[in-house]
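Next up: the structures, one after another.
Look for chain A in each of the two complexes below; its partner is chain B in the first and chain C in the second.
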Partner chain A sequence: MSTVFIALQTNEETRPIIDAIVIDNPLAVVLREPAMVKINAQGRLVIRRETIEEQMGRDYDLQELQINLISLSGYVDETEDTLTLYWNE
Partner chain B sequence: MDMKVTKKKLGLKEKYKLLTRDLGWETTYQKKDDVFPYVGYEGIKIHDWDKWEDPFRLTMDSYWKYQAEKERKFYAIIDAHAQNNGHLNITDARYLSALKIFLQAISPGEYAAHKGFARVGREFPGVGTQVACQMQAIDEIRHAQTQIHAMSNYNKYYNGFHAFADSRDRIWYTSVARSFFDDAMSAGPFEFMIAIGFSFEYVLTNLLFVPFMSGAAYNGDMATVTFGFSAQSDEARHMTLGLECIKFMLEQDPANLPIVQGWIDKWFWRGFRVLGLVSTMMDYMLPKRVMSWREAWEIYGQENGGALFKDLARYGIRAPKGWNDAEAGIDHMSHQFMLGLYQWSFGTAFHSWIPSDDDMDWLSAKYPTTFDKYYRPRWNHIKKLAAAGTPFKNFGLAKLCQTCQLPVVFTEPDDPTMACHRETVYKGEKYHFCSDGCQDIFANEPEKYVQAWLPMPALFQDPFNGDIGAWMNWVSLKDGVDNGDFVGSQDQMNFEKWRGMATSNK
Partner chain C sequence: MQIDLRTVSIEPQRQTFDHLARRFGDKPASRYQEGSYDIQAAENLHYLPTWDPEQALYDTRITKIVMQDWYALKDPRQFYYSTYTLARARQQDSTEANFDFVESRGLADMLPEDLRTIALNLLVPLRHAAWGANMHNTFICGYGFGTTFTQPCMYHAMDQLGIAQYLSRVGLLLGDTAALNEGKAAWMDGAAWQPLRHYVEDCLVLRDPFELFVAQNVALDGLLYPLVYERIVDDVLAKRGGSAVAMLTQFMSDWFGETRKWVDAVMRTAAAESEPNRQLLQEWTKKWSDRAATTLRPVAALALGPAADEAVNEEVIALTARLKKIGIEI
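After this line comes the complex of A and B, so read on.
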């Protein structure tokens, strides 16, 4: 199974987002590098709006991810509620 | 940021449909083929443009909202950088060489990508594709502008930043990136998408922006991290667009496969050659290094590129033809290229230097099979010559590769002691190449590449006729100021003096 990843800037806004990603993807590996956080997962990574809202304490639009996104890999499937990265294989 | 999220009236998919797909129309008083005349000649067959999927479903209204937020963040930091002597917070002034190369070679590429996407957005008939290309065209001009703006703060204090536009057009190492983008811009719309959207964005920009920008953060350069990550936040969308385009072509018609594979082979190799510059920036020019070029390649080339090609195998796509030659070159390229930059440093608008013993120990640990065997002895020899007051300068010129425009400085994939050089005779003229990859690219499109403008022949043509001083004036390079060894340069002395003033009351 190939790795998918998302890389986010290290800042106050992404802290609860990263926490939410880890809650929803317990097997994901979080790598903290200078100024960025890279999260790797095997085959599939799901980011959920509701979990981010719980961690952040406010409403959140998943498209706000665009602001702090550095890079990603895999195919993207985006709805109002989830952003999924995956390989088909 | 505390952005107010308003209650949605429309779902994401519905909004995307209304604000993107509904903007298209069928032509009535002109034939569709006349309105989109360039979409057929490359041989790509498209049966249904509505099958185009934009995974991010970003509509123009949201696009402006988020881009404006990125700009506000960017300028807040650029102001802070200028107000707080940010230029003195970098590790040391050697770091500036990496920035100068970025400004001279990469930022003009962003502008070229802007022009390219503005053009192909007009040439594609599908409305989803048109809107995505329009967004990317605006992104790319934003990248060029924010990069130039951020680095203008360094231009107030240091040499080599002042004439990037002339450098881009005239100096030899920048023409590697320039010819890459010129090649893409003069291709058809589908090939352009493979060149920039797929090879450059998906396979290669991670190597350019992610570890290098993280390295800028490590070296205290707030301004560059900011433009880097601000640009990279758009790249995630660009990569997705490139990947979508390739999937779309492969799903529309099986006859597209060999054409697409040919482009992947070509543009992977062209992009890999541009990355030669980046490898020297990562291994040699960052005083404080995050990871080696080899380590970055393992993560973003091997692992990430490998995953992608494994996934595309179901369409019949295989890894690019030059993949194994690339892998064979990884442990050598930064060293061979940096040795080239050092020996021709009289002709570069940035400084290079002999790595310190500490730096060489780091390189040896990162490249255990190659550095001590092949490259440390050469650096030590060069160091001895410099100590004796006879620094090694190579006033001869290497042949330039007709395809990638790099001097022929690399070795055979299977023998690091043998220079790699290929020749082709076409219509009675002899052409030189740095590799099998570049020779193959020429062989497929000789009429395109015989027209390539190569930078170094300009030195021998009228009006310079070999006069290096006149050539330097022409490329806006001040001898003894912008070029040469870092040790003893104005940049080195000024940085040390100003940093001393900033940390004491003398």
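After this line comes the complex of A and C, so read on.
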């Protein structure tokens, strides 16, 4: 199975987002680089708005993710509630 | 000459303070955690208060609610000083813009006379109730235990002071200084307001901070805000051409929607802690929400006339349903 990943800047704003991704994807591997957090997952990675909102304590628009996004890989399936990275395999 | 750039990753010796690492594990802590957890003074309280030598200066036994860990009552909004003031500053800007809009376009003068009277009679005396709520939340902050619980109470108190000021400005805008004097007179002597004033003043002498939390933030606010701001101002007045009033009280509707998440979280956690807690909370909620419903009937009648009873009953049903979801059956 191939790996999908998302890389985010390390800052106060992405901390709850990373927590939320880890909650939703318990098998994902978090690599903390200087100034960057890269999250790898096998085949599929789901980012849920609701989980981020719980961690963050405020309403969140998934498009705000773009502000701190460095890079990602995989096909992107984006709705208002989830952003999913996956490979067609 | 060739220069190779290489990134070196340096692991910090500590990710966070020790007391936070003990609670959440050794990982970077959020500002909310740093500003809220384990900072309540709990030890070495040498001097007993002269006004009540039976209790320590900060004492978990002032309330009948028992919590293993008072920090479990966290605020889902994660407000600490910075996020709180930033959020409210934004809301203040938009409220100022609303007031400007209404003033500069003369919308207040265009209000039909009967609606203006209803708005003045209903809203201006409520500033005294908001001041009472300010006192109550300050009390909870002072005598409650655990910063995650008491900190949002202080913010809540400041919000209520802000609401009292907005209501005063509504009064000044619609009826000048005379409106404030009349509002005070209605609060002190008007028959419709006496049960509510009695309720607020009885709360001023409650000693149990958690019971006060239930009486003020759950029972009274839980009925007053949906009734007055959502039902009367946003629906009834707006339909009859009084949208200007709804613009001026937009903060109150938004604020209630936001703060009820926190109130619900506190009640849910405290009730889930133990069966005695749940029984106690149900008893208090029943007692105070019954009384709040009775006190609000004459107030609602100022705007709704004979339809007030039905409106209050519907709000009671809505509150009961809301509380049921968080494990409080009344």
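Here is the rule we use: the second predicted complex is superposed on the first by the 89 of 89 C-alpha atoms of A that agree within 3 Å, B and C clash if a C-alpha of one lies under 4 Å from a C-alpha of the other, contacts with A are read in each partner's own complex, and residues count from 1 in each chain.
Rule of thumb we're sticking to: a contact is a pair of C-beta atoms (placed from the backbone, for glycine too) under 8 Å apart; a residue touches a chain by one contact, two chains touch by 3 or more.
Source: prediction; values computed, not measured.
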For this session: State whether chain B and chain C clash or fit side by side on chain A once the two structures are superposed.
Result: clash
Exercise. A:Ala7 contacts which: chain B (first), chain C (second), both, neither?
Worked result: first
Exercise. Of the partners chain B and chain C, which touch A:Pro16 in the superposed model: first, second, both, neither?
Worked result: second
Problem set entry | Contacts of A:Gly57 with chain B and chain C, given as first, second, both or neither | second
Exercise. Thinking of the overlay built on chain A, is A:Pro34 touched by chain B (first), by chain C (second), by both, or by neither?
Worked result: both
For this session: State whether chain B or chain C is in contact with more residues of chain A in the superposed arrangement.
Result: B
Exercise. Which of the stretches 152-160, 224-232, 278-286 or 404-412 of chain B runs into chain C once the two complexes are superposed on chain A?
Worked result: 278-286
Exercise. Which residues of chain A are in contact with chain B in one complex and with chain C in the other?
Worked result: 33-34, 58
Seminar exercise, completed: As the complex stands, chain C meets chain A at residues 7-10, 28, 30-32, 75-79
Seminar exercise, completed: Residue set of chain B touching chain A in the complex reads 1-3, 5, 8, 11-13, 55-58, 62, 66, 69-70, 73, 205-206, 209-210, 213-215, 217-218, 225, 229, 232-233, 235-237, 239-240, 243, 290, 303-304, 306-308, 310-311, 314
Seminar exercise, completed: Counting only contacts in the complex, chain A reaches chain C at residues 12, 15-16, 32-34, 54, 56-58
Problem set entry | List of chain A residues in touch with chain B within their complex | 2-5, 7, 9, 13, 33-36, 58-61, 63-64, 66-80, 87-89
